[in-house]
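The following pair of complexes shares a single chain, subunit A, combined with subunit B in the former and subunit C in the latter.
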Partner chain A sequence: MDVLYSTFSFLYQSGDAFAFLVLSACGLAVIFGMMGVINLAHGEFILCGAYVSTSATHMGLPLPLAIALGAGVAGLIGMLLERLIVRHLYLRPLDTIVATWGISMIATQGTLIVLGSTMQGTGTPFGSFMVGNYSYSVYRIVLMGMALATLAALWLVFTRTRFGVLARATIQVPHIAQALGVNTGLIYSLTFGLGAALAGLAGGLYAPTMTLVPTMGSAFIVEAFVTVVIGGADIFLGTAPAAAILGVVKAALTSWQGQLAGQIGMLLAVIIVIRILPRGISGWILKERA
Partner chain B sequence: MALLSRITSILTLLEGPQTLGRGRRFWAGFALVVAAASAYPLFADGYDVGNNVYFFNWIFMALGLCLIWGYGGSLSFGQTAFFGIAGYAYGVLTINLGDAYGLTLLALVAAVLISAVCAAILGYFLFFGRISGVFLGIVTLSVTLVMERFISQTAGPEWHIGTARLNGFNGMGAMPSLTIPWPGGPIVLFPDVALYYATLVLLILVYLGLRVLVNSRFGNVIVAIRENPQRAEMLGYDVRKYQLGTFIIGSSLAGLSGVLYTSWGNYITPASMGMTAASLPIVWVAVGGRSDLTTTLFGTLLVLIGFQALTIYGSQYALVVMGALLVLTVLVAPRGIVASAVSLASKRWTRKKAQSGEVS
Partner chain C sequence: MARHVISTLAVLGILLPFSGLAVAQEKTSIKLGVLEDQSGDFAVATIGKVHGIQLATEEINAAGGIDGRPLELVIYDTQSDNTRYQEFMRRVLQRDKVDAVFAGFSSASREAYRPIVNQFDGFAFYNNQYEGGVCDANMVVTGAVPEQQFSTLIPYMIEKYGKKVYTIAADYNFGQISAEWVRNIVKEHGGEMVGEEFIPLGVSQFSQTIQNIQTAKPDVLVTLLVGTAQASYYEQAGAASLKVPMASSVNVGQGYEHKRFKAPSLANMYATVNYIEEVDTPASKAFVEKWHKKFPNEPYINQEAENSYSAVYLYKQMVERAKSTKRDDIRKVIAQGDVCFDAPEGKVCIDPKSQHMSHTIYLAHVGEDHTIDFPKVWQDVKPYWLGDSGCDLMKSDPSAQYTPSNPPVATK
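On to the complex of A and B.
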């Protein structure tokens, strides 16, 4: 029985790490896959989602609605920033990163000034269950489900909707898509908004489990960066498998040496992987196919 | 004679296509600035002089980033990692070795070398994996953030190297300042006039050295790589080696900043490798004008002075202003505010001269 219990424990931890990586990275990956740009304000969209959903919960909104609200607000702010700033920089991808970093500085410090150094959390819902001698949080299982649901929803959006088809056309050959009458400006705007909304969703989902401080975004971004770097430009062929592999690596190292070892191990894994697979897992899979 | 001609051929590289400023007028201005900087301690009080050394300390890192980003075209967000590595290395070495016999100077060299070795290892994986601009930025940023987290959790007594405790998020202190052995008593470089001149001399040497470097064959190649890596490769240059070399030199300068800063305040914290710290060099270099050493130098100095003034008068808004400055620079003057101002002024100048008929 002991073996079974520890297997469950390991699976639970891997699944937890997987969910965290998928949820924190998919917004980043959507924007990167679309525009080849890394949104360094990603952590602040997560922050925005977390703060909005927590405030909404405090005001009495049920949790799922509050999380949806957080994602929605983050998405709208994302679209607004795309209109105001990012739009002017499409021809200079490196400058886009620098500009989003500027936005990130303003957002972190602005939140600190306006809302103070911390916000009261709501506590993790749903309680826990026992397997063997250890208790596990039910909410973490919900998060794993949400990670899979998010991936499924993104897949449906990109393959089954008109927006998805237009977006993929714009990714492949932007000027041809434009010549065929696609409003690529709108597509870019919507995609940036979608990426921001996904970040907000991650923030809303993890808000009940974390301390809410203005710098909380930086707790997500290293993991998110690492997943996107290993995954490459494709969400389904890259981000998801990268998150699965890294989740197992992180869970193994964390249960062996503690949380920090998990992070350092992940970073070292990335540095070695990019030496072998510079275009990430998706680049490798796609090359194999071609 | 051979040596003499060698030296003159190096000196001619002080001006060239990769650097702004040439001719008698520029060097007269340079001499004027150096003279003013040398005379400054005569007119200012000790606190201001020490504070100026603080500004000088950061410029090395900015010049290094200017070389990597502006000239080499590789965007490194994690220069603070090397700043921190060298700073902590200096602390550990000097606390263990003491400050007699010029050992602090040895520690300075060793700490900079350690940061260079770390840069070489990281750079090997990045450049030989042919990591492109975007990924390079976020991997280097991840490295510095993880370094910060690692050092932050070393508060316990079990984290020590020799007699030096790492002290976690409290930061490491009480390392000796840089000390020059001297007959008749060693000169301890406290943040005062002596350290001011030492740092100023180092700064001038690094600035002139970098000017020679970027105008040399090496500099022309890295600019060629920035402009078009494939073309440079077709011309027979091993792009990876040049990028790695640039990265190591730039990161060593970040390390030098780290050592000088640690010695200046006898203190270093993990926050010097955090998100905020990592973003500031990007602001300095971007605002100044990353594609030129001189504009980077003045831009960095201006932004640093402005940042400190803001921190004194309206502390919490300083970072918001820095962020806004970064966004504005990228949108309005992508070549840098100082660089744009210089080119605008020189355009005016030539037009005026053309109108008054001085230019044939």
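On to the complex of A and C.
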């Protein structure tokens, strides 16, 4: 029986780390992985989702709707920023670093000035359950479910919808897509908005479990970049397996030697993967397949 | 380009005489540098410190200043970034030429700026609780130290809840040295450490840590978590129904987690604080009232805010008694051993050997609904450890930080 309990505990912890990595990274995978925009304001889209959804919950909106609202607002702001700033920098990828970094600082400091140093949390819903000697939070299981659901939904969007096909065509060969009558400007804008909305979704989902402060985005951004970088350009063949590998490594080392070992182990795993697979996990899988 | 340089020089040429004039006009004011984190990860706990200094300054200036001279603040936002502390410390000491500096929240930032204070022979106040041990004549520490916070807290917890103790601490000098103190005091009182985990600053996900604690089954959990990211621990532990009684020297009293998180995630937390706004004395109530009159939107008045407020009055007293802002003259006043102030927490005095401060220590207990009660109060707890183990700033100034495993060498 003990073996069963420890197996469950290990699966739960790995799943928890996996969910955090997938949800943090999905939006970035679209904006950075697919579109090639190095988006240092990713954490601030997460912040936006978290603050909007928490405010909505405080106003009495049920949590799922509040989270959806957070994602929606982050998406709209993302589209707006794409129109105003990012659009002019598609051919200057390094400049996007400076521009998005600036946006990130303005957003963090603006939030601090306008909304103060902290926002009261809403508390984690659903309570806890026991397996063996351990008690677990039910909401964490919901997060794991949401991570998988998000991956599934993205897969459907990019492979089964007209928008998905147009988005992939636009990003692969923009001028041909344009010659065939695709409104590439709109597609870029929508894709960027989708990435921002996914970041907002992560913020909304994690808001009940975290401290709400203007700098909260920075808690996600290292994990997000690390996952996308070792995943490579493809969300499903890259981000998902990368998150799974890092999640298992992190959970195993943290249970063995504590948080410090978990962090070190995760970053070591990143260095090793990048050294062996310079194009990321998806690059390696796609080459094998070809 | 050449024209650009020339025009810049021209602008400077116009501006310089004015700045000279400004200095000449304010020659009589006493300048106080304020380096605190008003943005970044620590801002939640430290914006109140700046407000405390501003409030005290306003009161002092309204009452005629320090020895007839107005007090002027030079405030910089250090952004929770250690390198900013170094930059701004150089700036206030060299360019602004302040008479004293009030600086620092995290111990990492204090250790980052302290060599610079020593280098320019400045005079700095560290108005923050910390892991103790700084024996440095250039520093006055008004925050509480482990012999004030842990020697009271840990025996209480062991007696009330049991001998098995688990520590989770932020992984930098504050957490490491504080954890050493906890370890020693637990051992002295017949307790047993069943686990210790150090957590890098900025970590926000604690699922596995929560389970590690459940595996060790402690009677008491000592939480020494620092920064807003780490504060997420409480919400996550609460959601996983981890209900071990908690003890802390930093939480509640600094980050007012009981106000920020929904009840009951901080229920059954015991923290030793030298002040928090819930302290129920007439002096404290009057203090809270006048604070809210000046800063109506202050989310919380924590112990470091009160320390910062009191420190301005202590500095006023030192300067007035020394009739000088020179550090050597002021230290002669401190050496008399009777620099005291009736602070909102109660009477506080500066210890001449270590230049640390005595405190009233309140044991704050967080209830199920996140209200605070005070099961115990220790009056006039002295910062005795440094003096007892051989630090005596009246005789020598080692400008070093000591720990229980690395005490001062008493032979000097």
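Note that in this section the second predicted complex is superposed on the first by the 290 of 290 C-alpha atoms of A that agree within 3 Å, B and C clash if a C-alpha of one lies under 4 Å from a C-alpha of the other, contacts with A are read in each partner's own complex, and residues count from 1 in each chain.
In this section, a contact is a pair of C-beta atoms (placed from the backbone, for glycine too) under 8 Å apart; a residue touches a chain by one contact, two chains touch by 3 or more.
All values derive from a computational prediction rather than experimental measurement.
Overlap between subunit B and subunit C is detected when the two structures are superposed via subunit A. Using the contact criterion defined above for the overlaid structures, shared-chain residue A:275 touches subunit B, although it does not reach subunit C.
When the shared chain is aligned, subunit B and subunit C each come close enough to touch A:263. In the superposition on chain A, contact is made by A:110 with subunit B only, not with subunit C.
Of the two partner chains placed by superposition, A:145 touches none, neither subunit B nor subunit C. Contacts of A:251 after superposition: subunit C is touched, whereas subunit B is not reached.
In the superposition on chain A, A:215 contacts both subunit B and subunit C. In the superposition on chain A, contact of A:94 is made with subunit B only, not with subunit C.
Contacts of A:37 after superposition on the shared chain: subunit B is touched, whereas subunit C is not.
The clash between subunit B and subunit C in the overlaid arrangement falls on one stretch of those listed (131-139, 149-157, 203-211 or 293-301), that is 149-157.
Where the contact sets of subunit A with subunit B and with subunit C meet, they give residues 108-109, 112, 215, 218, 260, 263.
For subunit C in complex with subunit A, the residues that touch the partner chain are 39-41, 43-44, 47, 171, 197-200, 202-205, 207-209, 211-212, 214-215, 228-229, 231-232, 235-236, 238-242, 259-263, 265, 297, 299.
Residues 9, 12-13, 16-17, 20, 108-109, 112, 116-118, 120-124, 127-128, 133-137, 139-140, 208-216, 218-219, 251, 254-255, 258-260, 262-263 of subunit A are the ones touching subunit C in the complex.
Listed in rising order, the residues of subunit B touching subunit A in the complex are 75, 77, 122, 125-126, 128-131, 133-135, 137-139, 141-143, 145-146, 149-150, 153, 274-276, 279, 282-283, 286, 316-317, 319-320, 322-327, 330-331, 334. Across the complex, subunit A meets subunit B through its residues 32, 36-38, 40, 85, 88-89, 92-95, 97-99, 101-110, 112-113, 215, 218, 221-222, 225-226, 228-229, 260, 263-264, 267, 270-272, 274-276, 278.
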